[in-house]
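Each of the next two complexes has subunit A plus one other chain: subunit B in the first, subunit C in the second.
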Partner chain A sequence: MFRRALPAGLLSLVIALALVPYMWPQPALRQSLTELGSTLLAYAAVVGFLSFLEAHFHRVGARAEGWPYSLVTALTALAFLLLSLAEGGLRGNGLAGPWTGWLYQYGLLPLEASVGALLPFFMVLALWRLLRIRRSAYVLFFIAGVLTTLVLHSGGTLLPTLFGSFYETFLSPLATGGIRGILIGVAIGVVVMMMRAFLWIDRPLGR
Partner chain B sequence: MKSCPICGAPNPDDGMICEQCGASLVLVPKAEGGILCPVCGYRNPSGTIFCEQCGARLESEAMPGAEGPSGEEVLETAEVELDWVATLEEFFPEIPSEVQPSGPAAAPAEAGREEEIAAPPPVEAEGLLSTEAPPVSWERLEEESAPPLPESAPWMPSGEEIPLTFEPERSPEGVPAPPFEGIPPEIAEPWPLTESLEEEPESFPFPGVSPVQEEEERPPFPWLETSGEVPETSPEVSLLETAPFIEWPPELDMETSAPSQVAETKETEAAPPPESGMGEIPEWLRGWEGVEKPSEEAIPEVPYGLFEAGELGERPLTALEIPAEEELLAQASALLVPEEPPAEAPPAPAEVPPFTDLEAVLAEMPEWLQTLQPVPEEEGQAPSEAIPALEPAVMETQGPLAGLVDVLPLNLRLAEIHGPAARLQSEPATELRTRAQAWQSLLGQGLNFLFGEQVAEPVPAGLGAALERWLLFALLAGALILGLYWPLPFFQPALLTPPGDFLARLDQVPPGGIALVAVDYGPDRAAELEIYLHRILERLTARGVRVLTVSLSPWGAAQAALAVQARPDYGEQVVHLGYYPGQEVGVVRLLTRPLSQLGVDYRGQPLSGLPVARDFKEDPLAARLGLVVLITGSPDALRGWIQQARGVLPSEVPLVAAVGANLAPYVAPYRESGQLHAVAIGLRDALLLDGPAPEGSPAFFDLQAQTILQLFIIGLIGVGLVIRLFRSLRAPGL
Partner chain C sequence: MIIGALLLLFVLLTLLAVRMARRIQNPPRELEPFRRLPRQIGQALETGQPPHLALGSGGLIGNEAALTLSGGRILERLAQDSAVGEVFPFVTVADPVALLYARHVLQDACHRQGVLASLPPDRVWWAGASPMAYAAGLTLLLGTQPVATSIMSGLFREEAVLAGEIGQRYGAHLIFAMPEPGGAAALWPFDPNLAVGEEAFAAFPQGEIPGRPSALLLAHDLIRWLLIAFLAIVALGFALRG
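This part shows the complex of A and B:
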């Protein structure tokens, strides 16, 4: 019981302290909590990276399916990390050193751009094949949304002027309302999760 | 397709083994008789001790409810005799068996009927054929015409009446041979195969084997040879210790004298019996040397059974004459007489050094054996891996192993079910099954009850699919190239309006003020958003505004570094703070941090020495900012910046965003709520930041290419809908 109560109690205390500045402005307290949160996030990033390496090296050691890709991924990540540490420690340039910048500019940028350039072709092909479904309401809804977006943003033609008023009158409220509902739902979910953690309801604290 | 009798999985008709559970699809008895296995439900032939499917021990009695798997197709199997009686009958078909085979009922055969023996060797049944034996018949796999069997056996004296009782042969001297004293004088020839066949060579059952000459008298089996040397054994070796696996009952009925009748074999020329009444002692009995030969009265007159090679009768026994198994057991047990200590102590064996030097023994012991030494357990602590309790002794009650204890102890692993569990015998009622299926079909339809069942065409494969794919790619590439190099008449850039509100907010920052530009996009959005970064920097620095660029992601920091590192006014009007960790927390931390504590730029250069930070003091950054610009293509970054910055920034500080086209619906709520003062969306607004695009300019062709592609996709959707409509009209049922 004590082993579960201690971390649960700490969590509740931190949540309460984080809420205090919003009700009782205390810059020093807020700054301290912000620094603590930043430190925890940095620690989480380190742990996440180590977990990433462990997962891929485990696949390599177990000779799981696709282990060569895991080996390349893990070694590349390690190489980048060591290169950035060396550049930041030896040259003092941090992440913006010439070596890291060169790898980013001539390695990562071309790869990402290539993948991004291929994406429209395959999306069009998927859309064309989607039309082969003989009868489906979902396909019709999807096509209607795509058509609306394309028509309204096909600048330089008369199409937006033809359908602009229709969009502003009927479709824009629906789209905006939908996005607002998503944002409100996300915010409520965050608040509920916070309350559950504060009141020791959420697992594994509650059970 | 046929179903597996164990798991019910469908299998090909010619399959031998179930593809699901590995059960045999061939050896499934068709008849309802037999023993039902309590573990897997497999029906085993009668007399089987262990289940043929899973290896579990079967009960001696037939399981109740002898019903096979319901609703399953029973496979047609080959009727193979599997019990030991049938196997014996294959070798000695003339001997009628007490246990009837589990197959079809054995119909009585005609007297003297020759029957084919399916198992090798093709014994012609000469030796055991009895003219007076009751007819025995059982179905064989294939009843083909068998070669005719000789009418009489070679060892059978013609014309003699076959006695019903066993009588030892008289000795040549005329003295009645002593009654059987347990161990026959000759057991070297258990099989009647070594009989001299000179009289009737054609009747030799094994044509391919040359008959043994009389002079040789060579036993057929090497283990029966007696070398004449008796190894010395300890006089204290008891009967039970020497018996390797047989546990005879302690009380032997020595006076059991049930007249037993054994199947006669061929008459052999037995050697004259020794003086003591016991002939050459076989090797496996040599250890009993010194045993006092029992008196003639003590040892009853018992035959040696089927394997007797000594004093045998002159005719084979019939089925009725074969003694019961219990009698055989008792008679066989009478053969083994417990040894009595000799009168004189035998000579002491060779001196063996006493086992006192344990260390010396352990030194000689290999390491792997030393690790097996038992470790004394502490009191009150149970071993970590407790040895399971031994199963109680199981005495066999049937078959040739009857009376033996723990011959084949139950192996726990045999109880494990190898493979999927047996199917449940109970199945839902038909009515319930139909109702469940109806519910399942209704729930699986979804909205199909409104729009009908949707049947998707299979994705075309092969050359047609490849041509279709490449045609689409070619049309798309053609539209792109067309829009990039040829001005089209229907494209009118004048219809495009630049983002006025956004530009107005950029122009509201006073000269010398500080603007914070958050760069949070990666290489995938660089083609669309990098134009914003360059043009915003140009517009702000042209008016004397100091710009601080920062990113919450490493790739955004790299993108900003590529844009600012080559600027000549870097350090004077523009400075890149690099990657700021912490995501949303980093936003608050950055905005509430004093300017003097910003530290260094992305290259590690201290800010205090740069002209851009000439008036950076202890006031927080949020208090000195005149504008915050968000350049991002990620909804999470957009939400994080707006939610965190809006809580820290003063209300008079405007917050504007330049986002990709994918974030157009996401920025609408923030725009309408006033959290975002201005928004620029997509490549179109980016190209119009400097005003309308003149015809022939790169911005003109970029806008035209984008429009052409959008129109091409609109046309593609239209063509697809037309084709779909045409197909539905041509085939209304589709």
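This part shows the complex of A and C:
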């Protein structure tokens, strides 16, 4: 009984503590909660990294489908960690340094940008597939989606100039209103979920 | 202080709506993704192909915690059902705390079924630390590991379109519950019936008392109407005063 009630009780206590600064501004409490969260995050990052290595080396050991990808992923992560530790140890300022910064700037960020550049094509492709399945009803959505993609993702061309005013006049107000409505719904969902966890109706930490 | 007062108002509205919703006998609107969920889990158990759940790029510390926990409700259901048939789901996360949470839920479900020893360590993946890296990691998993169903619920933005595309390409059945408007917009072409906004919070874990999910959905709707009435009255008050 006590073992089951303890996680739910702790969760209720944390929810109550997290809400206090909103009702009664207390910088010290907010600071303590932030520090507690940072400590938990640091611990979780170490355990998470070990779990990450365990998962990928397990796949390599079991020769699961795609195991060479897992091998490359795990070895790259280990090499990056060793580099960060070496740099941090030499310079005495944590895990950051010029080499890791260089790898971020010229390795990771361009890769992410390349993947991000593919998104508009996949979006238009997905809309096109939907249009082929349900031809009549979704023509307007397809046109709106393509126009939005062109306006938002074609910097340096004439397209934003050609379609920009149409987008600002017709599509943007509809989209903004819709997003606000959804966000109010999300706020409702968050509060209901919080109340259910607080009152022990939901027990996300186990029953 | 204003946020605190609004929060208090929201909490009071929630309690009122939950109380009112239990008295209403009308069945709530049906959410297509959650209606399909049990059948897809059953199909995964029959075929032996594991389901996949993407918990999004959010964590459990910070503003996005509730969005991640909305996927956590699906994870509880998935873990319990899958542990019975020993077809363990793949769970992908982008945050270390979410990783610990997902492992805990899976291990807890397996422990209750007495199959903890057979849970492979590669069932919870830290697919990437940033949203774009996470989406790329998802494509790697779905490309190399055949899954029967790919469920996405949690914090996703436009990058979700990559995971939707790769899931569709490899023939996985797709189920989406997207609280975030960006993710919902990106995944809408793959499934126009996806759960959007507060609907994404309405998944119910296995073992919950039947009827409760109805009360939950009705509570969401009632709060929405109460809030609309409140906003209309305030706006009318200001208009008349001005």
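Methods note: the second predicted complex is superposed on the first by the 139 of 207 C-alpha atoms of A that agree within 3 Å, B and C clash if a C-alpha of one lies under 4 Å from a C-alpha of the other, contacts with A are read in each partner's own complex, and residues count from 1 in each chain.
In the analysis below, contacts are C-beta pairs under 8 Å (C-beta built on N, C-alpha and C of every residue); 3 or more make two chains touch, one makes a residue touch a chain.
This one's a predicted model, so the numbers in the text were calculated from it and none came from an experiment.
Colleague: Quick one: classify A:Tyr104 as touching subunit B (first), subunit C (second), both or neither.
Modeller: first
Colleague: Looking at the overlay, what does A:Val47 touch: subunit B (first), subunit C (second), both, or neither?
Modeller: second
Colleague: For A:Val146, decide between first (touching subunit B), second (touching subunit C), both and neither.
Modeller: In the superposition, A:Val146 contacts subunit B only.
Colleague: When the two structures are overlaid on chain A, which partner does A:Met193 contact: first (subunit B), second (subunit C), both, or neither?
Modeller: Touch status of A:Met193: second partner only.
Colleague: So, A:Glu35: does it touch subunit B (first), subunit C (second), both, or neither?
Modeller: So A:Glu35 only meets subunit B here.
Colleague: Quick one: classify A:Leu125 as touching subunit B (first), subunit C (second), both or neither.
Modeller: both
Colleague: If you lay the two complexes on top of each other, which residues of subunit A touch subunit B in one and subunit C in the other?
Modeller: Common to the two interfaces on subunit A: residues 37, 41, 45, 108, 111-112, 115-116, 125, 127, 129, 178-179, 183.
Colleague: Touching subunit B in the complex: which residues of subunit A?
Modeller: Residues in contact with subunit B: 27, 30-31, 34-35, 37-38, 41-42, 45, 88, 92-97, 100-101, 104-105, 108-109, 111-113, 115-116, 120-121, 124-125, 127-129, 131-137, 143, 146-147, 150-151, 153-158, 160-161, 172, 175-176, 178-180, 183.
Colleague: Under the stated contact criterion, what part of subunit C meets subunit A in this complex?
Modeller: 1, 3-4, 7-8, 10-11, 14-15, 17-18, 59, 61-62, 66-67, 69-70, 72-73, 76, 95-97, 99-101, 103-105, 108, 120-126, 130, 132-133, 135-136, 140, 143-146, 158-159, 161-162, 164-165, 179-181, 184, 186, 189-190, 192, 196-202, 205, 207, 212, 216, 219-220, 223-224, 227
Colleague: Contact residues on subunit B for subunit A in the complex?
Modeller: Going by the criterion above, the answer is residues 447, 450-452, 454-457, 459, 468-469, 472-473, 476, 490-493, 495-496, 522-524, 526-527, 554-555, 557-558, 561-562, 565, 576, 578-579, 581-583, 585-586, 588-589, 592, 600, 602-604, 639, 661, 664-666, 668-669, 672, 682, 684, 703-704, 706-707, 709-711, 713-714, 716-717, 720-721, 723-724, 727-728, 734.
Colleague: What residues of subunit A sit close enough to touch subunit C in their complex?
Modeller: Touch residues, subunit A against subunit C: 19, 22-25, 37, 40-41, 44-45, 47-49, 51-52, 54-56, 58-59, 64-66, 69, 108, 111-112, 115-116, 118-119, 122-123, 125-127, 129-130, 145, 178-179, 181-197, 201-202, 204-207.
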